[in-house]
Amino acid sequence: DEGTKDPVKEDDSKPAAEKEKEEPVDPEAALVFPLEVTNTATAKEDGELTFGLVSDSPFEGTLSPVFYSGAYDADVMQFFVEDLLATDGDYLITNDGAATYEISDDNKTITLKIKDNVNWHDGEPVKASDLLYTYELLGHPDYVGERYDFMIENVVGMPAYNKGETDKISGINVISDKEISITYTEATPSLLSGIVTYPTPRHHVGDVIAGELTMEEIVASDKIRVNPIGFGPYKVAKIVPGESVLFERSEDYWRGKPANKTVVLKVVSSATALEALKKGEIDFASVPVDQYEIAKKVENVELLAKVDLAYTYIGFNLGQWDTDKKENVTDPSKKMSNKLVRQAMWHAMDNDTIGKELYHGLRFPATTLVIPVFASFHDASNPGRAYDPEKAKALLDEAGYLDVDGDGIRENDKGEEFILDFASMSGGETAEPIAQFYIQNWADVGIKVQLLDGRLHEFNAFYDMLKASDPKVDIFQGAWGTGSDPDPSGLYGRTAAFNYNHYTSEKNDELLEAGTSEKAFDLDYRKDIYNQWQELMVEDVPVAPTVYRYALTATNKRMVNYSIEAGTPNYNPWMWGVSE
Amino acid sequence: MVVFNEKELMAKEKKNNPSFVKTIWREIRNDKMALGSLILLMFILLAAYLSPLFVDQTALTRVNFFNNWKPPSADNWLGTDDGGRDVFGQLLLGTRNSFTIGLSVTLIAGIFGLTVGLIAGFYGGIVDNIIMRIIDFLMVLPSLMIIIIFVVSVPKYTIFGFILIVSAFAWFGKARLIRSRALAERELDYINASKTLGTPSWKIMSFELFPNLSSLVIVNMTLTLAGNIGLETGLTFLGFGLPAGTSSLGTLISYARNPDIVQNKWWVWLPAALLILVMMLCINYVGQAVKRASDARQRLA
Amino acid sequence: MLTFIVRRTLIMIPQLILLSLIIFLLAKAMPGDAVTSSFMSNPNVTPEQMEKMREKLGLNDSWYVQYGHWIGNAVQGDFGQSFTHKQPVTALLAGRVGNTVLLSFGVLIVTYIIAIPLGIIAGRWTDSWADKMIVTYNYFAFATPLFVFSLLMLFLFSFILGWTPIGGSVDIRIETGSFDYIISKVKHLILPVMSGALLATFGTIQYLRNDIIDTKLKDFVKTARAKGVPESKVYTRHILRNSLLPIAAFLGYEITGLIAGSIFLEMIFSYPGLGQLFIQSIMGRDFTVVTALVMISGTAAIVGTMLSDIILSIVDPRIRID
Amino acid sequence: MSLLKVNKLKVHYPIRGGFLRRVVDQVRAVDGVSFELEPGETYGLVGESGCGKTTTGRAIIGLNKATEGEILFEGNDLAKLRGSDRRQHTKDIQMIFQDPYSSLNVRKNVLNIISEPLRNFERMSPGEELKRVQTLIDRVGLNPESVYKYPHQFSGGQRQRIGIARALTLNPKLIIADEPVSALDVSVQAQVLNFMQEIQKEFKLTYLFISHDLGIIQHMCDRIGIMYKGRFVEEGTAADVYNNPQHLYTKRLIAAIPEMNPEKRFEKTHLRQSINEAYRTDYDSYFDKDGRMFDLKKVSDTHSVALQ
Amino acid sequence: MGNPVLEIKNLRTSFSIKGNYYAAVDDVSLTIHENEVVAIVGESGCGKSALALSIMGLHNLKSTKLEGQVNFKEQNLLNLPVSKLNKVRGRDIGMIFQDPMTALNPLATVGRQIEEPMDYHMKLSRADKKKRVLNLLRRVGIKNEQRVFRQYPHELSGGMRQRVVIAIALACDPVLLIADEPTTALDVTIQAQIMDLMKELQNQIKSGIILITHDLGVVAEMADRVAVMYAGEIVEIAEVRELFANPLHPYTRSLLNSIPANMEAKEKLHVIEGIVPSIQNLDRTGCRFAPRIKWIPVEDHEVNPQLHEVEPGHFVRCNCYKNFHFPEERVGAETYVVT
């Protein structure tokens, strides 16, 4: 996936939507978790595996990769839906999947060849036209959903098709039953990580293009809600809407026989997840951070964790969004315009304590805006700005923000009152103490910060404010889930709507451009560009990243062949089993 | 001589003829349970309302992550919460907020319901009909749901807003109750007498009708007050309660969201839950004495 | 009776229109919309696509256009499309309503099963130790927040004793429609129902107790005694019938709180029903679902009050409706 | 000139029903009643329960709206006056209520009860007010200090006297007494009746005395009107009505008075039986085909009967 | 006069008020015979109802103390357990309550309520029961009995309801009927009807009747013997003609004098001073009526007033009757009673 922007709710310990591929653990992290279960017994022949979907609300049940929106549906689909192309530990496509690929020399065309033994659960072979169908649906003028993204639009002829000007996508070419090529307008390294390769069973769900049914009907149809099919290791046997799903082994899965006879998925609330694990009612589930301490102590439970594709940050309001030009405009008259003050505020935040004490080490101070998961691009040598109140004070002094009237609060460089309004989201239980804590940290170095409106803001209201570039907001706390694409331009680019800091600079434009240019197919080049960019961000501090986080998965000790490390054999659901 | 005598007699008669408030007090004094409850309640409320005098509020809001989830100790009588803040202090502040909310809602809803109910009941006929149709409509509104939607919709959300929203849905039940009693009461001859004596309607409503409904009102108010103390608890649990950072008994109880806290961190939520229970019981016992005072048949004293 | 029902149904229409208007305006006043919420779960959507989605969903129209649209369809039984569930709201609700009805009626019935005998005992033997215990229990029921109690119940019966399942409405492994299936449904219901019912008894017990104490002193009870009716029969035939009357009538009113009443239970016991859906939809700004749920609740309430009036007219010969 | 002249008074209560809750019928509580009150006399209104006595009284004092007809008080038609005009006139008409328990506001002490009309119509200092109230209370035979007592501290008879004192505060000309003693014990009843006669002389009052107890009516009234189903059956002086009843209904009413002489009890029973018999046979000559009364016809100067 | 049906001996009924017991019925002895109507008269609050309820054992036993004897069919009803008492209530003794509006169960049909005592006291088939009920309804003067059988109390007028209440009391042919103010709540005309009905019924069933009332007119029309009660005590008992012809006790005479009926119009009525004392405030020594006839010297009263048989069957309490006169100029009551 080409992925960038994903506001994550504080404390939402769910990994960001798509299937994750992880990286070795960050050396700075205080804790080390295994990525794979330690039980090495052989899997039971006809076992039953139970997956706990930790959620306080039911899953939506739109079980089609084209139409789903909730992350929970993705969890359901992992057992029966598969991408044609597999990916490796670096999130890059490989030839190990149900199809193989080739990329043209100009890096603009990819050709996929589907293996022969890849069949839908109803016995029909998976065809090249099924993948075409996916693109036809996603680009369809009637499509109302959030999966129409940059890499779809980048397909040659897609914008015209999307506007309804033509009913053919000129860039996609079905060569044979099993072969298809897709041509892109722009060559970008995202091709290796952000391309959509899940086919849609045209014969099963019905053909919208041929006018068999409408887009609305297909979305609401039982074919994707009650008896959806895929070509994954398990097939859906039964669904209790919103609550549980029963999967059965797909006997002619192309890789071979899946480990279990049945897989049961059931929704468990965050309050009960751990207890269900303890009692063996479920075999594995993600565990909310606040239960980590007890989870550690449970006998028959093993904890796996990897660094999540997300980071939390403090953003500074530096300008506005110009709706006419559709770009961000930096405004030097903003309260936070002084770079030194921003640097000082970063130094003033004691993220280490938050990570260690509040999150028991499951979060740790962030250094740059490229998360360590992207090992090749994260600049481990860049220390970011560590907790150092003295330095913060020094920076403030340097900036001329001094306590003129001696009340312990600094005034700005003109000697005027300097009070910042801080917007933070409610939701997680820790949101309030954390906001409070930062306010204290800043107060310690003499900056007076107060909660905007004296309280936390609800998710929607919070983003409404940011979207509207509300001038009341001086600083804000948010979190982004980065997709699996390290490209940050969707969040920090001049034209990025999600650039709520409204930070712009020419250097920034340049670096972001270079990072996705054709030249960037060269890994070293790209790495260098991103190192430069990270440095720029630590210098200019449009946002101060606060913490990276671990995502915890708890497994019952009877589980075998289970790994959360992408690219390893046991990462694939067909291997997951239970021992006696 | 006569004058003196009269004054004396007057004083004596006044003493012999206690007002309703005095009757209530006498009734409470004669009921050990009610008296005990009242004293306990007063103690709790005094502690809560005077807490700003001896609790350092800034310290109470100061987060200290090195000190979080500490069980009760000499420093923190009731331990600390997730931000390492003293639960006991929050309990006091929370009691103050919760009681203020409960009392305000009771009063606002009570006064509004009383006014509407009195008007509908006194005038009867078409006025009553119109008011009752409106109330009928309001009664079928799914109040919890609408409160939730309200809470989400209002841009500025404060304790005051919360009180108003909740009161908006609490008055019509009272209006109905008052109205039905007023309807019955207005048939009584003392109301007719006032009418024939030329007393204007508003005077009849406020000086004749109202005093006779006052016992109903007071009894009903004490009992709803008991219910309203824990009012925000449920909403807070659902995430639609008071703004975060405002301590209330509901916020404290809402910590009991997962088994770990229920079981291992009981000191955060249990005292608040017990305090609500105790206050409700106290108010209830006092309320019962009030109820007895208003009904001569049941009086103990 | 028929006239009554027809008239009440006609009165219902303006009420519902007003209700829908209120809800609609409130929903519009909420910050954010379905599209804002959706990008929280999806990393890749472009701002253009979001704009397009808004356009498609009609979220950019003025509220009265949207409302006109909505009400036009609603009249035809079409409450629109759920944004998050990508499904017609009617279909979505149909799938959930069964659980909620089961849960709330379960609670209702068990509440009565518990409350009526207790209320009777307390009312009949006032001031006995049994009465005192019941009254005390009642205070606890009144003061204990439902969610705390439910969690404690869950903790005790599911976690420690392991008697009841942890959540959900049925074990998926069991074949739908079989006898075991029913058993499984019941098993999943027991705990939420008991938790709800044990606290919901408050009103009924309180009411019944007071009413019996009142009725005991009525003249016709004296008449019954003077007839030589044995004491137990005096209660069953004369006092109880009179005191239970209003409770029978409350049955209709109980529908009023159907969805709202089950929110807590559904949340805690991960029981997929309308209450949980409501909260989920509020969070996700799924307006169509929110509006439909409120409308259903409102309709249920109106029908419930009507039902109460009908029941009362049936059980109480003094009340006639026409 | 007569003090009060009621002319073809009708009071109907609507009965609503049907689909739209329209008025489908009327309860003809008072259905064409005419009578006159001379100053200083006591006029009795008798009849069985529900015949419209109270409604007539309430219509005169303005508690009910007259559907039709005139109520001329000193020549002014009260039925047409509204608001403060009416209040000025109704000042001269006061009412004594049936139930001494519900006609006094239990939350007010005697002082406040009796001074209520004073506060409405006159401006007085608290001292004057107290004095005035004490004179009145003294007049009705209660101790002056009882002004601070509350109604529940008085017996039924005393309460009724407080009610009367209240009615007297504004020096009314006409007092409508709606069953003033029917809620009282015999002994107390005597007390109140005596008292009413005393003050009548003293204050030159005219009474409209409503009761269903013929014994009391006979004792109190100069002239009597017998009502039945909202209409007059017979009207005349006490002697006319008691000694020479013309209408069957009047006879029946009189026969229903319990016989105080045990010796004559069987005669009385037989009398009732024969009247009942007459009812069966002669019904048509007393009531028209709708079961309504005929209009009153004079049989003598003072005596009218509703006969064909 | 037939055999005695019920013998009340020294009955004392005391109610507990704030922990103390106060007698509302004080040392009452009274015998009721077959086919005899005994009226009990007295002002409100003098203990008439308390006496009736004591006979039936209908007081709340927790707060009431009963002493003395109520002998019925060789058993003392006061000592009978409720289960045994239930065999007597409704079968041997029927009771008619004052207010027909509240004495009937609003939720049961008239037929059902009249049948009910038969369920417990008679073994009858459904059809027989119904027949009996219809018969009873006819006997109490209800003409369309088939319809009334199915109706609910609220559908009937006050007079009809009182008839139903009487039918219930008569359901099992009781030998004793206790009627507590059966006509007080009714209109004059209806009252007359009910009185006639009761007289007629009494002629048919020949049972003893205790008629409680405060209306001397009703007494004069209905009773054979009259007991006048004051402050819990019987102050005078006599045969009805004797009592009206020759009332002795000051209380009886005062009562008779305060009735406006049959008097020269506009004459002053006699007023009994003071009020009936409540049971807590009652001075139980000496003559209880003395405080209300203050002009009679204390010496004229007995210290411990007893019932004296003045003439056969005519008893008066306290000697003060001998010297009693009204403060007004008027002579004794007898002059106008006879008119």
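Letters A, B, C, D and E mark the chains as written, and numbering starts fresh at 1 in each.
Here is the rule we go by: a residue touches a chain if its C-beta (ideal position, glycine included) is under 8 Å from a C-beta of that chain, and two chains touch if they have at least 3 such contacts.
Note that the structure is predicted; figures quoted are calculated from it, not measured.
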Chain pair with the most contact pairs? A-C
With centres defined as the mean of C-alpha atoms, identify the chain lying farthest from subunit A. E
Suppose each chain is reduced to the average of its Cα coordinates; what separation in Å results between subunit A and subunit B? 48
Computed distance of Cα centres, subunit D from subunit A, in Å: 89
Rounded to the nearest Å, the gap separating the Cα centres of subunit B and subunit E is 51
Per the centroid of Cα atoms for each chain, what is the distance between subunit A and subunit C, given in Å? 38
Overlap residues in subunit A, where contacts from two or more other chains coincide: 271-272, 275, 458, 460-461
Enumerate the residues of subunit B that touch no fewer than two other chains. 152, 155, 257-259
Of all residues in subunit C, which are in touch with two or more distinct other chains? 30-31, 151, 154, 159, 267, 279
Within their complex, state which residues of subunit E touch subunit C. 53, 56, 58, 82-83, 85-91, 94-95, 97, 99, 102-108, 116-117, 120-121, 152, 154-155, 165, 168-169, 171
Quick one: in the complex, what on subunit A touches subunit B? 270-272, 274-275, 288, 290-291, 293-294, 353-354, 357-358, 426-427, 429-434, 436-437, 440, 451, 453-456, 458, 460-461
Subunit C-facing residues of subunit B, complex: 136-137, 139-146, 148-150, 152-155, 226-227, 230, 233-234, 237-238, 253-254, 256-259, 262-263, 269, 273, 276-277, 280-281, 284
Could you pull out which subunit D residues touch subunit E in their complex? 48-49, 155, 157, 185-191, 193-194, 197, 212-216, 218-220, 238, 252-253, 255-263, 265, 268-269, 272-273
Within their complex, state which residues of subunit B touch subunit A. 61-63, 65-66, 68, 81-85, 152, 155-158, 239, 243-246, 255, 257-260, 264
